[in-house]
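Just below sit the structures, each encoded as structure tokens.
After this come two complexes, each holding chain A, first together with chain B and then together with chain C.
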Partner chain A sequence: MPKLTIDGKEIEVAPGTNLIEAARALDIEVPHYCYHPGLSVAGQCRLCMVDIEKAPRPTIACNTVATDGMVVWTQTERVLETRKSIMEFHLINHPLDCPVCDQAGECWLQIYYMKHGLYDPRMVDEKVHKPKAVPLGPHVILDAERCILCSRCVRFCDEVTATGELGIFDRGDRSEIGLFPGRELDNKYSGNVVDICPVGALTDRDFRFQVRVWYLDAAKSICPGCARGCNIEVHVNRRRPHHAQGRRVARLKPRFNAAVNKWWICDDGRYGFGFVDDGSRLRSPLQREGGQQLPVAWDEAIAGVAGALTAHPPAETGVIASPKMANEDLFALRRVLDRRGVTQVGFAVRPRVPGDEDKLLIRADKNPNTRGAELIGLGGDTAAILAAARARRIRCLWIFGHDLLDAGWPEAETRAALGAVETLIWSGTNANATSALARWVLPSAAWVERDGTFTNFEGRVQRFRAAVDQLGEALPDWEILGRVLTALGEPTLAARAEHWFRELGRSVPAFAGMTYQSIGDTGQMVGATREAARA
Partner chain B sequence: MSLTAPLAFPPEQLAEVHRLQALYPDRRAALLPVLHMAQDAFGYISLEVEEYVAGLFDMTPAHVHEVVTFYTMFFQRPKGRHVVAICHNLSCHLAGAPRILTHLKERLGVEVGETTDDGRVTLLSVECLCACEHAPMMQVDDRYEFDLTPARVDRILEGLR
Partner chain C sequence: MTGERTLTRNFHRPDAHTLAAYRGTGGYTAWEKAQTMEPAAITEEVKKSNLRGLGGAGFPTGMKWSFIPKNHTGPVYLVINADEGEPGTFKDRYLLERDPHALIEGMLIAARAIRSAVGFVYIRGEYVEPWRRFSAAAREATDAGYLGRGFDVVVHRGAGAYICGEETGLISSLEGRKGWPKLKPPFPAIKGAFGAPTIVNNVETICHLPHIINRGAGWFASLGTKTQGGTRMYSVSGRVKRPGVYEASVAITLRQVIYDLAEGVTGNGRLKAVVPGGSSAAILRADEIDVTMDVDGLKNAGTMAGSAGVIVMDETVSIPEALMVVARFYAHESCGQCTPCRESTGWIYKITERIVEGRGRKEDLDTVLDVARRGAGTTICAFYDGAVGPYISYIEKFRDEFEALIPK
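Our next item is the complex of A and B:
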């Protein structure tokens, strides 16, 4: 392994490591635009110059591999002067429209200019003007004047999605990023080009003009969009709600996880949070009175549900859990089922259209916690439960989240099943055609409103954290189920999601020994602790 | 040459494309000569031609468009039967190129970048063509024309049919 010295500090790095990464390992930042660890090296922006002893002139760090005995300086006068010149060069035709640019506050032109700017511009000529506010596709909009032609977006489309939509057309100071005339940037991962664009050239149409980025708060989370469980950050607007008509979730951004999603997320996941602030959200428990569902207090609803579970013998009771529920919820549900001896439980509902899948991230299973639901032992035959309901053998049915009337089963049969049930209980975040039929409706907190864990298809248990308050009176499912359990005579002390997870670790072998601490920010494989203990 | 020709190379030219592609470690290196062939065969490089050529190289049309827009010798619009390109760089400028250009515009009745109504000549003004010793000079199709005077230009234009 090559050992080199950077700014007087020694470090050993893996063979093939370039100087930007070697410096990063020492917490030394080499300013750069075009280099991205997930893409090929282009050497395009020239900002990453460093001095290497015995080299006659500054050299780009991104395209220089660390070698044994190399002595590198990142702060020499010559390097600083070079950075200043490169910054001046990048800004020659830049429109300086920061006041109306979404990138402002997280723009690498701004960030590096603070440190390496000339501050006394020499440009006297008219700037070259280019197209502004050009929609490239459903999610991305281009301002060609702000582009520094780093080619990251081009390389992303070439190397990651292999769709090759973007190019750099024309030449010299008229060069600009664009699409082949008549085409769109509409691949399944297009939003990522906004993340990797270091400046405000590519911005997000959904996020556009919603809120200034410095008003955002962030929470570490997991995408609930499919079984991959991509690591994300949830960016929320709590401080300026009036800037976005009360919309709380501003955007989702990928969070690096080498073992799961690297730097990327898909567009379905990125823009899949609309339901959180949608008008269909359930804000309080409901009870059906005649033809109408009317709001009731939680105490009443809990008593009603516990009463129904007690009144109906277990053989007459069925539960359709959801693989969108967190491990904590599913385990609390497990407890409720065990308390009453209910055995007719399943969670899998055939989707109306089969999910799409690809080789990069997207999984056909659009549920974040199928594996968790299986491991917690809730994987029974859902279709059989519905058939039993239709045959009036199941009289009390509790459904979590699903809209069974919008599933891959004949709607009339499902409707017959739901109509035949005496007590229909429905838990979930947003009202739908199935919830509209329920006697009791219990409003669940959305994933961004609470803590929890999902187990992805590979068996990686990953944490998501509350980013905003619960809407109205909605509660996390684990809390609702805990209250039901208490009403059934088994008082629970679990006051936080974490307590339920600890219980889960004690009861289900796959989760043995796991804690929120051991899962950390990057997740932990089920069974890992057991194997470690055995070894 | 004709714009109505079907948008595909005949078999002999396709064979030439494959021969060129095989010459390089990365076959995309043959893109430039193939684009020149396409320009000769189809008259100019339309978006349709770009898509056709992209298909020959398993590239996306965006990347062919990058190359076509970078090089000035590719025409993205129909051009005249002849292309007259006068050098406007330093040596020619000092030796009287502006006067020659004005003369060309008057004689042809077009501005730089335009084509005569009869489709005979496209007029261009270009950077140095490496013949300063014969300034002012211009390129007419594949020929260089040296030491230009208005009278010489008239004779040259008369020869273009």
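Our next item is the complex of A and C:
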């Protein structure tokens, strides 16, 4: 392992580490544009110059591999002067239109100008003009004048998605990013080019002009879109809600996790949060009276649901849980089932269309917590439950989240089953054709409105955190289930998702010893603590 | 005075480009001899000859060859840079047109030295006749059994970009990519064309090899200076009585090139300035021409031998206009990969144009000098340093002339 000295501090790094990463390990930031740890080294922006002892002039850090005994200085006078010059070069033809640029506030031209530029502008001539507001695909729009030609987006499409839509065309100061003829930037990961674009050249068609980024708050979260469990940040606009016309979630951004999604997320996940503020969101509990579902108070709904569970013998009760529910919810549900001795439970519903899958991130299973539902012991035969309902052996059915009328089963059979049930209870975030048939509808908080954990397909338990308030009277499923449990005569002290998780750890061996603290920001594998204890 | 001519000895013959004529004047005998030599012995001979690259950088050829990893298995490529694009340079064109077999014989020798089985000849796209002549010669050489028996030649035509004359830009282009120079390290000798160790040599450099093998390193070295052997071809253009290509020792002076080879200055007859090594070389004033034309001689004079494209300007030439033209060239040809070059070549062109049009500002000259000095040495390839040569030298040496155009 090479040991080198950077700014007088020694560090040992893995062979092959470049000087940007070696410096980063010492908390020394070497400014750069074109370098990205997830892409090949391009060495084009020329900003990451450092001084290496015995080298005649500053050298780019991105293309220099750390070697044993190397002595590196990142703050020499000539390095600082070079950075200043490179900043000036980057901005010669830049439009400097920050007031109307969506990137303002998270733009690396702004950040580095303040840190490393601060020169007096000398460019008085007409700047080079290039195409503006060019849609590249369904999600991304290009302003070629703001582009600094770092080629990150081109390399992303060449190396990560291997789709090759983008190139750099023309040359000299007329160079510009563009699509190859006949192509569109419509790969399944296209939104990532916006994240890795260090400037305002590539912006997000969904997000742009919604809100200034300095009004955003962020919460660490997990994408609920499939079994991968990509780590994300939920950016919300709480400070200027009137800007967003009722849209509370501004955008989702990938959050680095070396073991799960690295720097990326797919477009389905990135743009899949629309349901959170959709008009179909359920804002209060509903009770069917005749042909209509009317709002009722929570106490009434809880009493009604508990009453139904008590009135129907366990053998006549069935539950279809959801692999979109958090571990905490599923465990609270487990408690309710145990309390009543209900055994007819399942969670898997065959999708109407099989999910797509690829080698990068996307999993065919579009549920974030299938593994958790299995581990918590809810994996019964869902189709058998529906068959039993059709045969009137199940009289009370509680469905979580699913729209069974939009599943991979014949709709008529499902409709017959739901119609045959005496008490249909449905809980979830958004109304659908199935919820419309229910006697009791319980509004659930969406994942961005609450804390919880999902267990991904590999068995990694990962935390997501509340980013916005619960909508209307919606409650987290664990809270609803806790209230039902209390009404069934088993009062619970669990007042936070975390409390349920602790109980889960005490009861289900796979989660033994896990806490929110041990899971941290990057997750923890199920069974890890037990193995550690054994070893 | 100008000594013996070797590269151009057959140029006067109308049939010089044919195999018959080439063989008739001793062609391919060096290849016969080289086949009896160990590869390492060939490299050693070339090292001793003090042959230096004649495309522009002046790097010792034998040393370049020795950078090929010794224990390498797998392909090694020889690439001939025939993308002659340096303004003021037109020598390789004549070699391709008039003595293409010299290049083929030189390639055979070089390929044996570096153990290469395939050679690429990257010919500038605009060079149609040279391409035809060379391709015909390659067919003749194949029919005669020189090529196709352990060494093949692939001819590749460029598409009109100056940057593809830069050795790694050329490799990118050869590989089918945009002609962007590559990051070094790795150097081409380690990882070049298609990922294989690659030697890129200029046409003229390679054409010297048959003579070095036939007549010995000592003979070749004795033709030049202590640090550079042989003759080279001077492309002389501009305000001279006899513009053209001249072969002479690398040890002659710039004065000799202008007054003896090209027979003196035309226009008003009074020399004002001269660019000795292609447009990227720093300009010299009329009182600076008593320097030898070898790599080190011109380096010591603050300029460079480059491609030996000698551009002569008499007193009727406007230096600011000349700089504007040169600046336009570099702005047009910058590949756009590295920020300093991409952004400032266009800017500097705009400034020079403004000055020539009488809209200069008094701070312009210092701005250009400062920008050029700051950008020099910060890019992937030497293109920008080549642009900086004229930017700085034209202004420093003829500042009065620029200032006279700037409104007070």
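Operating definition for what follows: the second predicted complex is superposed on the first by the 533 of 535 C-alpha atoms of A that agree within 3 Å, B and C clash if a C-alpha of one lies under 4 Å from a C-alpha of the other, contacts with A are read in each partner's own complex, and residues count from 1 in each chain.
What we mean here is this: a contact is a pair of C-beta atoms (placed from the backbone, for glycine too) under 8 Å apart; a residue touches a chain by one contact, two chains touch by 3 or more.
These numbers come from a predicted model, not from an experiment.
Colleague: I'd like to know which partner A:362 touches here: chain B for first, chain C for second, both or neither.
Modeller: Neither partner.
Colleague: Counting only touches as set out at the top, which of chain B and chain C does A:122 meet: first, second, both, neither?
Modeller: second
Colleague: Go through the superposed model and pick first if A:49 touches only chain B, second if only chain C, both, or neither.
Modeller: It touches chain C, and chain B stays clear.
Colleague: In the overlaid three-chain picture, which partner chain does A:417 touch, first (chain B) or second (chain C), both, or neither?
Modeller: neither
Colleague: Among the partners chain B and chain C, which is in contact with a greater number of residues of chain A?
Modeller: Larger number of chain A residues touched: C.
Colleague: In the superposed arrangement, does A:181 touch chain B (first), chain C (second), both or neither?
Modeller: The first partner, chain B, only.
Colleague: Based on the superposed arrangement, let me know which partner A:89 touches: chain B (first), chain C (second), both, or neither?
Modeller: Only chain C; A:89 stays clear of chain B.
Colleague: Classify the contacts of A:165 with the two partner chains as first (chain B alone), second (chain C alone), both, or neither.
Modeller: The first partner, chain B, only.
Colleague: Does the superposition put A:446 against chain B (first), chain C (second), both, or neither?
Modeller: neither
Colleague: If I apply the document's touch criterion, which positions on chain A are contacted by chain B in one structure and by chain C in the other?
Modeller: 167-168, 170-171
Colleague: Taking the complex as given, what residues does chain A use to touch chain B?
Modeller: Residues in contact with chain B: 163-171, 178-183.
Colleague: Okay, in this complex, where on chain C does chain A touch?
Modeller: Going through chain C, the ones touching chain A are 161, 163, 178, 183, 185, 331-340, 342-347, 350-351, 354, 361, 363, 367, 371, 374-375, 377-380.
Colleague: In the complex formed with chain C, which residues of chain A make contact?
Modeller: Residues of chain A touching chain C: 41-47, 49, 57-58, 63, 81-82, 85-86, 88-90, 92-93, 122-126, 128, 148-149, 167-168, 170-175.
Colleague: Taking the complex as given, what residues does chain B use to touch chain A?
Modeller: 47, 50-51, 59-63, 65-66, 69-70
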